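Chain naming follows the written order as A, B and C, and within any one chain the residues start at number 1.
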Amino acid sequence: MTKNTALKKAISAPYLVWAALFIIVPLIFVVYYSLVDAGGAFTLDYIKSIGRYKDIMLNSIWLGFVATIICLVIAYPLAYIMARSTKNVQRTMMMLVMLPMWMNLLIRTYSLMILLQDTGILNSVFSFLHLPERHMINTRGAVILGMVYNYIPYMILPLYSIMAKIDYGLVEAAQDLGASRTAVLRKVILPLSLPGIASGFTMVFVPSVSTFYISKKLGGSTFSLIGDIIEMQFKSANNYNLGAALSLILMVLILLCMAIMNRFTGEDDDGGVLI
Amino acid sequence: MGENTIIELRNISKKFGDEVVLDDISLNLKEKEFITFLGPSGCGKPTMLRIIAGFLEADSGQVIFEGKDIGSLPPHKRQVNTIFQRYQLFPHLNVYENIAFGLRNRRMKEKDISQKVEEMLALVNLKGFQRRDIASLSGGQQQRVAIARALAVDPRVLLLDEPLAALDLKLRKDMQVELKNIQKRLGITFVFVTHDQQEALSMSDTVVVMNEGKIQQIGSPIDIYNEPKNAFVADFIGESNILDGVMLDDFKAKFSGAVFQCLDKGFAVKEQVDIVIRPEDVDIVPVEKGEIIGTVTSNTFKGIHFEMIVDIQNFKWMIQTTDYYPVSAKIGIEIEPDAIHVMKKSEYSGMFGDYSSFSDEIEHLSDIEEEED
Amino acid sequence: MKQKMSALSKLYIALIIVFLYAPIVVMIIFSFNSTVSTSVIGGFSTRWYQSLLHDTGTIKALTNTLLLAVTSSLIATVMGTAAAVGINAMKRRWIKKTTMHVTNIPMMNPEIVTGISMMLLFVFAGAMIHKDDVLGFGTMLIAHITFNLPYVILSVLPKLRQMDPHLPEAAMDLGCTPLRAFFKVTLPTISTGITTGLMMSFTLSLDDFVISYFTQGPSFETLPIRIFSMTKKRVTPDMYALSTLIFVAILLLLVLLNVSQVRGERKLRNKLDKEGA
């Protein structure tokens, strides 16, 4: 039996080597590049430059947070309704929610842009209804909308899957013990769905904070998130060291947010909920 | 047992799709009574409970609680609580908070809550378990928490939906005694649902035997056992030999080719009837003294007694005896008048009570099927 | 208890569906527009679909994307399944835990960080061997395998945990070698997990833009990268046509998947009914 176990362990060796080489080592490179200058000499200048990007950093986190909360508020009732409906409705809804998710992010964002632009469909509809036309593209609101639109399926799915697992008998037990509709929601459904909230939060917050395409297309040239700045360092400014330093800081900040979030929901990150 | 009716069920009917689950059920539940719904799976027992608790509405008929129709009252406004089959303890709350759940919904003071929880834990013998996690409890302990949680809110009526089904045999017997004691001590009405006839007979004041959505018989355990109303009840409660017979006159029944004295009267002359004879009520005598004669076809040792299948005129009887008779032995049989129970013919006549295909194994299998329900 | 939906619930669902699909519907409409405009509809035409057919760059990008998705998901599935078996057999808690934490990194980390971290590695390695154009199919393949692996491992691992550990032992008791027991017993038991992992890898790889963007070179262009460079400029509606085609393909795939699933369930139910009767 021990021989068999040893054999089993051995077949994970290629993966372990791979993980070390392509997960751990690249992260070490990020740390290394952020601590040296272009010539390879040690410097803290790039890390210190965070001061210059503080506002952009905070702005990114704030927008990501707002988008995540909006997703949560919209998705929670939907997930609840889905989990309580018949199997056929559940299946159809799952499909309808997942379908846009399989569309490429770029395409989704771009079609949203068509809708929002000054000469776009929405404004045509407004003028047709004799409403004042509105400038919507290249605003903070448009960027948040883009985040919500692109990432809301990632909130709906974990919430739905955890709520579908809640034994309806528990709801009946609570009602039996005198809990009203709202009390059932507050005392039973909400606490039991916390793991779903936590994983939905992570799945929306992380890509929202670090996005660069959404802000580029819907925020316009004057509007930059931290993702845009990092992308610029690697794709046009060729300042890898600054890019690495900003990435490092972004990573740490997101880890920090996650830690706060996990304390809040009382869940340890055991890999999160896979859909 | 109080004589005041607390819940009255009037002509309750319920259909799921085309399937009639409850068919015109009328019944009075009395104060301080231990009443049991007994029947095979699919007979509508849990549906009955869910209608009383308020999780389901009847298609027609009324649920009357102390004179008021509560048919459309939501569950959280009824003075009725339920012990669920799988307990339904809240996994995110500890023992204390589970028991306090109903009390908090009433906005009781924390001090009163804590006192009540202590009291309940003492009642179910779980002192010191306050901070324990639900997942860390054994099945029996979870059962106790469920009882404490339901009783903490002082229900007038407690509904128990096969609460002991998930426990092993030994624990089950202990809990039967304990539940009965709790019910006596608190003096509230228990409505118990089970498919286990032994459980029903040993715990209840009143047993309601149900089948196919209809009430077959209501009575005390002793009545139900000794005076079954039809072949279904006779077969479902205990073991029974059910034979075709004819009433020749009052107190005189003919079956298995012989005429017997019995205690039943009031049937028409020559009326076809069903005769019930319990396996333990058959006396075995030497062949020459027997009123009828049979051949032993199998014999199984059961501990206190032997259980024999005996062929009497091609009808297989089950007979329990403390003496041993080998297979293919001829025996004489005598039946006392009080061992003979005569029933009117019913829709169930001829369906039960012949042991020609009987085996322990089949009996056991059908038990398992019912528990899965 | 499954309930009929209230009118309010239905309205709510309808609003969300409109929100999710409005941009896509608009895009589909404009893909059939006869003019270049994205605000005025000139008339029905399929010219953008025709021009797509003659766009060799896009067709090349499509085959590139499929090639990358197939190879990366297959390699990740084989390596990931083997890894899951090994991880499941690990006895020491801390080794197992550390391995799982490392496995989670590509899933938890922002994609942009994963992308640039690999880019830094590749560029550094390229400099070591004095090669400027190190970025290309090879680097993208490595990157895709890396971000696919955790999804495979996390799909297979629960199936291994659910499996009765005595099952392979029973097979060996009946004369199987350990290897044969693995292929005859373990593998079929965890096959649903492996399939899930493979499908997730494949779709993630098809869809990936951010990580590809940082590890890609001019020699190898995938569809998302091509869409990105197309949307940099003012876009012509042939991109809508492309997107519409992708949408329809996915829609068909999902519907087929669903229908076969429903059919399978119905078959099973019928079979059970028959056995019950």
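To be clear about the criterion, contacts are C-beta pairs under 8 Å (C-beta built on N, C-alpha and C of every residue); 3 or more make two chains touch, one makes a residue touch a chain.
Just so it is clear, the model here is predicted, and its values are computed rather than measured.
Chemist: Within the chain touch network, how many edges lie on the shortest path between chain B and chain C?
Modeler: So the least number of steps between the two chains is 2.
Chemist: Select, from A-B and A-C, the pair of chains that is joined by more C-beta pairs in contact.
Modeler: Counting C-beta pairs in contact, A-C comes out ahead.
Chemist: Could you tell me which chain lies farthest from chain C when each chain's centre is the average position of its Cα atoms?
Modeler: Relative to chain C, the chain with the farthest C-alpha centre is B.
Chemist: CA centre of chain A versus CA centre of chain B: separation in Å?
Modeler: Each chain's C-alpha centroid was found; their separation is 56 Å.
Chemist: Taking the mean of the C-alpha atoms as each chain's centre, how many Å separate chain A from chain C?
Modeler: A distance of 17 Å separates the two centres.
Chemist: Check each residue of chain C and list the ones that touch at least two other chains.
Modeler: 1
Chemist: Send over the residues of chain A in touch with two or more other chains.
Modeler: Residues 172 of chain A each touch two or more of the other chains.
Chemist: Two-or-more-chain contact residues of chain B, please, as numbers and ranges.
Modeler: 55 - these are the residues of chain B that touch more than one other chain.
Chemist: Would you mind writing out the residues of chain B in touch with chain A in their complex?
Modeler: Listed in rising order, the residues are 53-55, 74-77, 81-82, 84, 86, 88-92, 101-102, 104-106, 149-150, 153.
Chemist: For a test of understanding, state which residues of chain C touch chain A in their complex under the given definition.
Modeler: Touch list, chain C to chain A: 1-3, 5, 9, 12-13, 16-17, 19-24, 26-27, 30, 38-39, 79-80, 82-91, 99-100, 102-114, 116-121, 123-124, 142-143, 145-146, 149, 151, 153-155, 178, 203, 207, 209-210, 214, 223-224, 227-228, 231, 235, 239-240, 243, 246-247, 250-251, 254-255, 258, 261-262.
Chemist: In their shared complex, at which residues does chain A touch chain B?
Modeler: 167, 169-170, 172-180, 183, 187-188, 191-192
Chemist: Where on chain A is chain C touching in the complex?
Modeler: Residues in contact with chain C: 3-5, 7-16, 18-19, 22-27, 29-30, 33, 74, 77-78, 81, 84-87, 89, 91, 93, 95-100, 102-108, 110-112, 114-115, 117, 119-121, 124, 149, 152-153, 168, 172, 202, 206-207, 209-210, 212-213, 217, 227, 230-231, 234, 240, 243-244, 247, 250-251, 254, 258, 269, 271-272, 274.
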